[in-house]
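Have a look at these structures, which come just after this line.
Note that chain A is present in both complexes that follow, paired respectively with chain B and with chain C.
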Partner chain A sequence: MDTVASWGEHAATQPTHHVPPAWRERLEARVLHPLRSTGFRYYVWVAFLLALIGWALYAYSQQLERGLIVTGMRDRISWGLYIASFVFFIGISHAGTLLSAILRAVKARWQMSITRMAEFITVVALMVGALFPFLDMGRPERILNLLTYGRWQSPLLWDIMAIGTYLTGSTLYLYLPLIPDFALCRDRLGPSAPAWKRWFFTAAALGWQGTPAQRLALDRAMTVMMIVIIPVAVSVHTVVSWIFAMTLRDPLNSTVFGAYFVAGAIFSGIASIIILMAVLRRLLHLEEYITATQFVSLGYLLGAFTLIMGYFNLSEYAVTGYKMAEGTRFHFEQLMVGPFAGLFWFYILGGMVLPGLIILYPRTRTIAGIVTASVLVLVAMWIERYLIVVTGFRVPLMPYDPAWYMPTWVEWSILAGAFALFALIITVFAKLFPVVSLWEVIEHRGPEPAPLRSGTQPAPGPDVRGRAVGRTP
Partner chain B sequence: MANAVEPPETVSAARKAHPESSLRRRTFLKWLAAGVASAAAAAAAQPVLGQAPQPAGGSAPGAGAVRSKRLRRWAMAIDLRRCDGCQSIDKPPQCTQACIEGHYAPQPMQWIEVYEGALPGGGTQFIPTPCQQCQNPPCVNVCPVGATFSTPEGLVLIDQERCIGCRICMEACPYDRRFFNWGQPALPPDVMFMKYDPEHQSPAIKGTVMKCNFCPQLARAGRLPYCIQACPNNALYYGDLEEDLATNGRDVVKLSRFLTETSTYRLKEHLGTEPRVFYIPGHGELVDRDPHRKGRKPTAWPWPKRAQRGASWTR
Partner chain C sequence: MPSRSLGYASAALVAAALLALTPWLGPARVAHAQASGPAKIRVEITDNGFKGVSGNFSGEGEGFTIAVEPGQEVELTFVWAHQAYVDDAHAFVLKGYGLETPEINAANREATLKFVANKAGTFDLKCDVHCEVHERLIGSLKVSRSSGTSASPAASAAAPSALSIRVPAAAELGQRVLLQARLLDASGEPLARAPVIFSVPTSFLNKSSDVVVAKALTDKEGRAAAEYEVRSAGQLTIQADYRGNERYAPAKASAELVVGEAPRQLYTEHAGVRIPGLNAAPALGPTMVGLGQVRGPLAALSTLWPALSGWPIALALLVIWSSYAAVVVLTFRVAGAGSVAATVPARRLPAARVALEPIVRHGLWSGVALAVAIVVAALSIMAAVRGFEHMLADLGTHGGYLALIALSAGALETLVGHAPFRGQRWVAALGALGIAVALAALLSCCLWALTYRLPVVSQVTLALILNEVPVALAGLALSALSLVVLLHLRQAPRHAAMRPEVRP
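Up next, the complex of A and B:
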């Protein structure tokens, strides 16, 4: 089958499918357009995001000066919005891995035009998510203690190690398929481009000429990364869940948490990529390359995960609820009929049942419907993270009245700033890098075939077999 | 540490002095003093945080009579039969109050907190709850920087100068016995003259975690923890499992026999945390408390009105 060695043997073969030159011209022009020119609205958007980030920095300065007393957290609910958002952002970072690595590994053809966006999300969500534990620290200036005194026995150190590995790996994994595109940019942007841009693309392309040796090296590197990144991603969200599950607290002390968090991460990751896809498609006019095929395929995946998430919730709540231990009783009451009932039922009904139904019915299985389902899922998954943290901490440990937690303006501001930072980095990326992996789409996919009714079309044939090493673009 | 500015012994020590009992107590403390040297020697051999604890009572007579290098294994026994939540004197629980004053615990920290738990047959019991000093401490296990640590004597302490304030230990503690300095706490000016040490944790540092430390600095000086000195009903015992002795300031008991004969239990024993705090079941019956009389006085912190600046918060 397709081993790396056998791909190498194809090094001199030509693309087996026909790439119409006009189609290719149009694709390149379309994708490289944002790299060539920048409109006024772009600057307004960036300014808006910078304003939000500035406001968040002001809020954080208040927190630095006065301490975490400016947050709503207190001794009995000692983690809150920050840690919930940490889990959320690390969760959506799984978009890139799932779509890009898993689908590349199984050679799903339809995903070629969205891998780049998925990898963006991974890297950016990790960068933003990893900030939250530091925002949550009481003594952030002692951060280096984690290196000088770090104990590998602590779940927090596992997080640092896993997220550090994942960020490094996924940055590499984002960069590798970018190399041929950087070379393309270098060659196509022309002398009218600013000098720094030409310098940037020349440097980033690493002298890529598309020689068979270079292609073989790139292909091997991508294959290795694509395999390695999957277990790393799974480990990341497992250890993120273990900062909760490694405690003796009632709803958190659970063996299902690792798998539950990984599933939730992929679930929210798919939703986030669908939303980003819809936004970039509209803004950058990529309708020809990102079609209903991609939306429906991802929609099916999202639908499947509504079932997986439902299953995990059943496992968690049925197993503990049947026995109804003391802490469980309190927890169920606060979730299902108590102060968190609104959020909880939105999570269950709005985040799993409704999106599942939207995808199930052909009439609503449209781009708009799938994007709506994704928005619901993303909001619900943020709520789920929030509920895990806040309600998990709220179950009384001793005979005292249950505590209460409400995030303050500082926390909300910092969260808004984090979303703005996320959007800003994506915005800048979209200006510097082609948002579609041009060379892969050209070589592996070609023009859109007849409209697909099913996104899971197996797409047989030699054109998608192997990584197509050595094909000259 | 004893050679730093020493935390003041509480007012309550004088208040509770029983003439006949203090004699017995003195006997006990002599016992302790003899052991202090051995504890100090052992502690010096195994320095904690790279600094050997300096014993205050190390030069006491009997220091030469060290029998072994056995370590102290500090423990507390809490006789719930004698605890009435200080209802009878109509004051806030004196253990908590003395602890706050002795340790300059910021508002709203109650390192030893008197919970009122419901009894299955109706009525309530009061449960004074210090840090349980677990021997399998979940908080120590999860600390990412080793800021909270177990000493060779079995105490769980916190180095607030290393703590990064991540609060994962507060998540891990199943007894709700850890407290965070959410702001710069309001504390009286005298605290500022104290030399910080993990054994007394003053002055409190913003953004770090604090808790009951079992007063090792007082033990080393041959004194009992503030809470035990202050209990008007002598419900709290402090002692050493190694020497198998404990005292409530009035009586000295052979600890193992005392625990066995009173059917002692530990909080959430099923969790396997192995606490060093033992509870003797009861609801104040030995001090004539009516279990159906509920409620206790809230604890008060004298600091905010003595402090120039700083914050207080609620739990």
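Up next, the complex of A and C:
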């Protein structure tokens, strides 16, 4: 019978994990519980999200019928809430890449229990984010013109290619680690599960039995994707930044935008993972498996990125402010002391300074504190995208008064619908797929070790090898 | 408990942040100070469009602008005053305020709008009824603190000044011309170190304004000069403007400059670095080699080919999507490897035999067949389009590609044929990438031949060097890498546990 110890080349070089059967059974029961039963609150939540999405569809129907005049966008400020939200969602999609790929590449084991959630966020955020360019078009059927008449020289075409490539790769990278868990679901859910679920898990498991050859193939595939997805993710956020930076508009015409957007994407991605972790941990009672370790580790990352983002902002504003070209002066005034000052300083102070202090100070470096910091970061990063788009377009290019932009109810409704769609897809995913990567947690992490007391050695546990992920004997 | 208190504090902080973000993330409106008394503006609608009669206005026709202060009560009266177009009727809309007048015509000659200018900015004022002077009935209402285009009180007490302008009578589009102005006082004495602004009236969509094209200071002779690159064709009015100070009143002057060629704009097609194949035409193209007729449908096909433009992007995408394809293949091998029962001999084999054995055992004949089929197809197409002699020449230049295809085809066969040796699947995947890239280069050659009918061997070689070597180099590198790894690969896996075991 195949055992945990036979997985991968690490088996012969690392000691076998001590996986108590009770712990493993508890883990499986907790993680598979949402797949087995559905409570009343779930339906209420889904109904609420569907209502929001329905209202957003009504708002979009108004936009389709009457044109973009129902939005606040006009000829001078032609990008607004939609494009800001597009950049925001593409940004938080970096979460999965960071956790699943980068941390897996450096063998950071603490991320095993949350890697599935991160991969969820990546795929769902990409799906929702990719809708916004369509929403921004008054004539969405003309999207095909981008492909039939597109030129390689266009950053918009680079955007389409990059996001399409990233979405495909992220979907593959989400699916691959799910295969053993699909097999587990196939074997564990039993005849009480609906027939369509049993069929789905059987088909999706691809006949997984946990044989060495299968493990080898899967390990190789995941390694390829782990290596490939990192540069793809970096390229996506860089290319998204270039739709602004490749223009000649004064505040957007910056060479630092590529790196700035990548850092911002990781920053907002970490915050989104922390928030989703907290929510799912609370709702699904995963406190035993998602502990303070994950929150504090991600909190340190978040804190590090407050410094990185602060550095990028300082570099950008110090360099342009030192020269203070005509358009820059206007931009500085509108941003720092003018009509957008409130939003800008909230982004700086509430989005970087305050979260950094919360994470720096040990007494506030708790789960609640880190989640609070993450909420502040996420709100601030959305505001930052909004400021980049709207204030960038507001700098006059010709001698006329600067235009004003204010989102209308249509835009707010559609944005709310997009967030609701994001939450709905995550909710459905959590109902269909295990939110914790069971086989990885079992095989690579095991239960959290008990803290040692001084002068004592931990008693050796029984040499119990966990059962293989796959068919039960 | 600290965590609970922190929770309450954090909730309060977020709520406060959300409140601070209202109203609806719009920019803060400009605070309006107490405005001055009501503004009564009377405007006549003549055969030339808008004509101000009283109130704070400037310009005529389509440049007509009314200026008021924020918060000021405005009474705007339109008076129908046509001489020639006696049948014209008008109804005016003020954009931004959503106001509209009833229709005025010869019978009903006056209409008045009364409102409070509580929105700052510039708003369009135009006729909403099609009429003879419709294009000249486009004005604007400007609501700003520094409104008013009339001379300031300080300037009205200043001494008069005289400004004259001199420009060439004619110029060519893109030519740099010298704009000269001279500023004198009332007694004819020159005014030194006075700023003179040269501008050109410009229209964009329905907006008209003066675009400043140069600025200069007067010298001790009162002369100011600046260069201007003519960027519009047609008859241009160059304006010189002295804004005045506490001693001297403002002054203006204008002159006509006729620019030859049909009215059009100068613009730069290409900006930044020109990269042949990316944002510039390839170094070798139809205009450079004097090619013949380009075939219709195939020419359209060639415009999609990355070898002609954007080849770096296409190459990057090719590598990434090939990795995805390899992953998909590996994933399906998960499905097929559930009952692997192959045994692997543990004995060590010579490295060369290890490298060649799968090719000999599985891939040689099928790989050769595959390569021959590709070559025959390509040569047939080229022979049909360009003739037998050119086909032979192309065969000579494409010999390297054919060798690549043969080796890579063997590796591809190994991938498909359950290679039992550890790592060889990866090597075969690399070889498959090489075959894909080599095929890309070969197809590129075919497309060049099909669309441009390159006449001689040297031209083909030049085309290959400039457009296809980047693609071919990638294929060469990948295939070479796979060969090197194959030749140095050890047969026995490092860990016995990795071998697929015989299942009872």
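Note that the second predicted complex is superposed on the first by the 434 of 473 C-alpha atoms of A that agree within 3 Å, B and C clash if a C-alpha of one lies under 4 Å from a C-alpha of the other, contacts with A are read in each partner's own complex, and residues count from 1 in each chain.
Operating definition for what follows: a residue touches a chain if its C-beta (ideal position, glycine included) is under 8 Å from a C-beta of that chain, and two chains touch if they have at least 3 such contacts.
Because the structure is a prediction, the values reported are computed rather than measured.
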item: Side-by-side fit of chain B and chain C on chain A, or clash; value: clash
item: Touched chain A residues, chain B compared with chain C; value: C
item: Contacts of A:S61 with chain B and chain C, given as first, second, both or neither; value: neither
item: First, second, both or neither for A:Q153, with chain B first and chain C second; value: both
item: Touched partner set for A:T255, first chain B, second chain C, both or neither; value: neither
item: Which superposed partner A:G350 touches (first chain B, second chain C, both, neither); value: second
item: Contacts of A:T38 with chain B and chain C, given as first, second, both or neither; value: neither
item: Which superposed partner A:A221 touches (first chain B, second chain C, both, neither); value: second
item: Touched partner set for A:Y400, first chain B, second chain C, both or neither; value: both
item: First, second, both or neither for A:D75, with chain B first and chain C second; value: both
item: First (chain B), second (chain C), both or neither touched by A:R139; value: first
item: Footprint overlap on chain A, comparing chain B with chain C; value: 75, 151, 153, 248, 398-400, 403
item: Complex contacts: residues of chain B adjacent to chain A; value: 113, 115-118, 127, 129, 138, 141-147, 162-168, 170-176, 178-184, 205-209, 268, 271, 273, 311, 313-315
item: Residue numbers on chain A that touch chain C, as the complex places them; value: 6, 9, 11-12, 75, 151-153, 158, 161, 165, 168-169, 172, 175-176, 179, 206-209, 211-214, 216-218, 220-221, 224-225, 228, 232, 248, 334, 338-343, 346, 350, 363-364, 366-369, 372, 375-376, 379, 383, 386, 398-401, 403-407, 412
item: Parts of chain A lying in touch with chain B, wherever the complex brings them together; value: 66-69, 71, 73-76, 78-79, 133, 136-140, 142-143, 145-146, 149-151, 153-157, 160, 243-244, 246-249, 252, 393, 396-400, 403
item: Residue ranges of chain C touching chain A (in the complex, touch as defined); value: 2-3, 6-7, 10, 13-14, 17-18, 20-21, 24-30, 121-122, 142, 144, 204-205, 207, 209-212, 271, 278-279, 306, 309-310, 313-314, 317, 320-321, 323-324, 326-328, 330-335, 337-340, 425-426, 494-495, 497-501, 503
